[in-house]
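Order of writing sets the labels: A, B, C, D, E and F. Residues in every chain begin at 1.
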Amino acid sequence: MKRVLVLAPHADDETLGVGGTIAKRVAAGDAVTVVVLTGHGTELHPVFPREVFETVRAECEAAMRVLGVTDLRFLELPAVQVPDLPKWAVNKTMQELIEDVSPDEIFVPFPFDMHGDHRSLFHAASVAWRPVTAAGRQVKRVMCYEVLSETHWNSPYLEPGFLPQRFEIITDTLELKLRALECYRSQVRPFPDIRSVQAIRALAELRGALVGVPAAETFVVIREVQ
Amino acid sequence: MKRVLVLAPHADDETLGVGGTIAKRVAAGDAVTVVVLTGHGTELHPVFPREVFETVRAECEAAMRVLGVTDLRFLELPAVQVPDLPKWAVNKTMQELIEDVSPDEIFVPFPFDMHGDHRSLFHAASVAWRPVTAAGRQVKRVMCYEVLSETHWNSPYLEPGFLPQRFEIITDTLELKLRALECYRSQVRPFPDIRSVQAIRALAELRGALVGVPAAETFVVIREVQ
Amino acid sequence: MKRVLVLAPHADDETLGVGGTIAKRVAAGDAVTVVVLTGHGTELHPVFPREVFETVRAECEAAMRVLGVTDLRFLELPAVQVPDLPKWAVNKTMQELIEDVSPDEIFVPFPFDMHGDHRSLFHAASVAWRPVTAAGRQVKRVMCYEVLSETHWNSPYLEPGFLPQRFEIITDTLELKLRALECYRSQVRPFPDIRSVQAIRALAELRGALVGVPAAETFVVIREVQ
Amino acid sequence: MKRVLVLAPHADDETLGVGGTIAKRVAAGDAVTVVVLTGHGTELHPVFPREVFETVRAECEAAMRVLGVTDLRFLELPAVQVPDLPKWAVNKTMQELIEDVSPDEIFVPFPFDMHGDHRSLFHAASVAWRPVTAAGRQVKRVMCYEVLSETHWNSPYLEPGFLPQRFEIITDTLELKLRALECYRSQVRPFPDIRSVQAIRALAELRGALVGVPAAETFVVIREVQ
Amino acid sequence: MKRVLVLAPHADDETLGVGGTIAKRVAAGDAVTVVVLTGHGTELHPVFPREVFETVRAECEAAMRVLGVTDLRFLELPAVQVPDLPKWAVNKTMQELIEDVSPDEIFVPFPFDMHGDHRSLFHAASVAWRPVTAAGRQVKRVMCYEVLSETHWNSPYLEPGFLPQRFEIITDTLELKLRALECYRSQVRPFPDIRSVQAIRALAELRGALVGVPAAETFVVIREVQ
Amino acid sequence: MKRVLVLAPHADDETLGVGGTIAKRVAAGDAVTVVVLTGHGTELHPVFPREVFETVRAECEAAMRVLGVTDLRFLELPAVQVPDLPKWAVNKTMQELIEDVSPDEIFVPFPFDMHGDHRSLFHAASVAWRPVTAAGRQVKRVMCYEVLSETHWNSPYLEPGFLPQRFEIITDTLELKLRALECYRSQVRPFPDIRSVQAIRALAELRGALVGVPAAETFVVIREVQ
């Protein structure tokens, strides 16, 4: 049994980017932990009212039930403010999390996603998985996932593109992923919005066809130790 | 009226990569020339019998009728052998073609497609569009297109990925593109093959959703002069 | 008539990088808005006295008169401190600006300019032009400009270089650009200073000669939707 | 039981780059095939006499006995001439090989090694492992290995560096690797030559220390399908 | 006599990355200044007690005596907090330092080291060495050094790798470097830790063998003016 | 006294890219060898009549007299055909040349120049300067130069741009360079042609201003050993 950790800056990232693979890992008997890293935070939030977070967290819980995730956690880093927090504090939060879960496999957002939270959290995570602690040396694989509304809107060639080496076949779990996605009523919109079920299905078909299967999720490989 | 030149190493590249935009340019009244650069060649071909080329060229003619292209040309550089031809001779062929058409806009394959012919022909074309001749200075825009079965199978991060800056909305011509594609009976296969109508549709939907429209083709911008 | 938005972190960036094209757009009848994004700010400034900003803004107004710009705006983000401001607040400022102007075309600094303000403002702008709002979908073209004293002093190969795809011919407006530049008495210095009229003229000649014309400004293309 | 294919342009590449991992795979019960792709060839060789190849092939056989490889094959592409062969012919040779072995895992040289043979053979291999054939879809993992005398002498930043994501711990097989290396009397030289046992040991220690173990071989991940 | 400035974010970086070259410059009669940029700082430190800094600074003084450095300075930027300081203030500190030393040659950490302090300090230094001041124009050479526990743990291909162009032969000073390293009792650990004497020796041997000598330190060249 | 080798694929490359530095090295007492690598060749040339080469070689001799070069050599690799020659043969030619001259410093074209000859000859040279021979280990510095009509016409971001780290101040030799350039009557054209004296002067001024001097030539650093 492998321990899998999915780091989601905001609720829905985990489903958009890793939903099919989460369900596949669960089906394979792995212990999957999903952590939503940001929320309202403990101070007054400058942009979003508290209800926004309550709504999306309820949706996330429903989505995780669809995918079969039983270990879902919410941290309280304040959303859209992670780049403004003291770096050492974010690093510490991430380090404690990774030491607590001690995962074999980590899914993390792509460091050049548009959202500043994604960028900052990737860096904090990459400090935490260094092989300088027992938990760091326990990590056998780190992979970045793609989020349609974040990953492909950065600046072509000025920032690295998402060029996946790893294909996870999700033919058997694509429908679960889409059902989980539909739990996010406050986030999903009708096609041609990039956050639509149809766009996500198109991505899965396209990624699958690249390796000759009906559906896949893809990942950029950061580190593998065997 | 603008003159548009679509460079297709092999028949079907033009439809896979630029089909929707070709139909859009035709509808806009532009003069579109499609040139299939390779064929059987004048010598005995080491891999393909002559019939293969006859079949696909007939399919190409049908496809171009669907897209409304009236200027379709076939050159006779020997397929799969372009990298082995004398470079100066390939350059000369391309230079004569570009001087003959004198296009305002050129569509060319991505230089890191898997196929050696695509790579060599891109380089020859880029020699030909240098602003050292009247035809070269006439070129206002050069763009690379993506071909599903060639462009996304190169080596991630070791070769540049296809990261498009330019989105051509093809909502009105997507169905024409797919009908043109279906003319290529010898090339198209059922999903999940990468050369299936469903995979091509998924790509168009995905590219469209990235800018909020139902369908798009995308391009890497090489040069624009205004 | 097209709406053009030129984002200048500091007064003079717009002239150094886009001066000739601004005058060309004005001559073509486009509505050009130039926004100087930083200034003294509302707090005590830790580096520059208020007079510095008053001087350069007066110079900027003179320069814009030379170029024919009638819509010149000054925001009050504190200069050299943009990276230290809350990211969400900078994003909000930029978003409101882009929604207010609703431009077809945006000129923005290169994200790897030396100056931290340029880097932070590029990121905020790229959040604002995402096609998730009506204003974002209105943007047809985004391009980065080069500023001699910022763009070519970053670290070769460790950060992306400025490799322009787009050439705007400014043969007819180069002298206007240089006259506008001379309005910046507090900024321009004698050659061989990088901020000299002679260096800027050399750049324009060189960029022009690359496409066979006497003068050009060049740009890196970020996004085009047609 | 997994089938592993190690592609070695020249005898000794397999030991220099994958020696420790080969022995580890053999110990794990995998079926390892090592193929030396070039040799004297069937024509008169313009650079090397036939004896050179006979010597190094005998050394290779001894080395493979040390590593426990029972399936060792020698092809006859002419050494140092692979870039000058017809591309379609090299592609065909590689395709037949990969269809014959039908591997789950492929080790291939880094495409930016100094040696032209390495570069050409990488490209031919990458054509052969496309998921368009049953053998291509069988390939679950492709990785590039590093060869001290080839991989780190290319041009920094002008060509991609070897930046490994995958670490194979070879603590238990490092001594076997070094013994296999010593079989190559005609190739190995005393330190500080780059092809010395001491340099290879230093590399293994360094790569190991990067993940906190005494010895490792590292690889660039090209494709993984799961 | 040349003035050499070694910028070390934390005590031990200078020895890990430049130790052999420092001793070599000293032997050549150059004036070498080593500046440790961070420490406890003037406020309460959120992570480290003051003793940590006192210990490592004493070790640093011993190490510098081994290397023959007589001009060793400690600044008080608070460690692990540099990215959170006002950028203008860090820039000012660096500018004053470079104006005070007015070096011919600068050694600076690699800007994509894992540690946020390294990243921020590189940027501040690169603002300071711009050729806009007399001190900036005095700088004849800027080079980045590698630190095993920082430089090779970033994300392969998502961030630039350390690909050195410059090799300094340190055959005569390697043992001095290792002795200096051993002064850092609080930092150095037994092999296979990346901060072990054996790992550092392996790196020196490997870098040396790449140019055919027993030991070298390597550097990425940022700027040279002659 | 240092031995300097300038590798020019075609007569005029050496003056366009290194003219000012050649004169500076000559003035410093270095032994400068300029080698024009291609010419008519020994076979019938498919593109150029023999007179073309005779003319340009006479011009080259005049230009070298202006720069003070006394060791000028012409090889007979056939122009525009270098990529089609057997790679081993080109490598051998280059290796013999470098062993014969045994230079301390090499100037070589940029490997991503448009011209296929430049690309192939760079690769052959980089094989020859490997530190595996006495001549290879003798090379202390290798640098790429820029040629206006070749270096800046490649594909932005798809191929590496020319991003120089090294600036050679040529204030004292710029006029010599321009006079040498004027010897090339068959090659130089009036501004705004890229091969005009005015464009070359603009480049020198711009490169100079980047480091605060009136004129410079710039180079990409490939290898330095000290």
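Convention: a contact is a pair of C-beta atoms (placed from the backbone, for glycine too) under 8 Å apart; a residue touches a chain by one contact, two chains touch by 3 or more.
Predicted, not measured: the structure shown is a model, and the values here were computed from it.
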Chains in contact with chain B and with chain E: which ones?
A, C, D, F
Distance-maximising chain from chain C - centres being C-alpha averages
D
At the largest C-alpha centroid distance from chain F we find chain A
For the homomeric pair chain A and chain C, should the interface be classed as same or different, according to whether the shared residue numbers exceed half of all numbers used?
different
Two candidates, A-E and C-F; the one with more touching C-beta pairs is C-F
What is the distance, in whole Å, between the centres of chain B and chain F, each centre taken as the mean of its C-alpha atoms?
36
Within chain F, the set of residues that touch 2 or more other chains is 131-132, 153, 156-157, 160, 165, 194, 210, 212, 220, 222
List of chain C residues in touch with chain B within their complex:
131-132, 137, 165-169, 210-212, 221-226
In the complex of these two chains, what residues of chain A are touching chain B?
148, 152-153, 156-157, 160-161, 163-165, 191-194, 196, 198-199, 201-203, 205-206, 208-210, 212-214, 220
Within their complex, chain A touches chain C through residues 46-47, 80-81, 83-84, 114, 116, 149, 153-159, 194
Which positions of chain C touch chain A when the two form their complex?
86-89, 91-92, 111-112, 123, 126-127, 130, 132, 144, 160, 220, 222
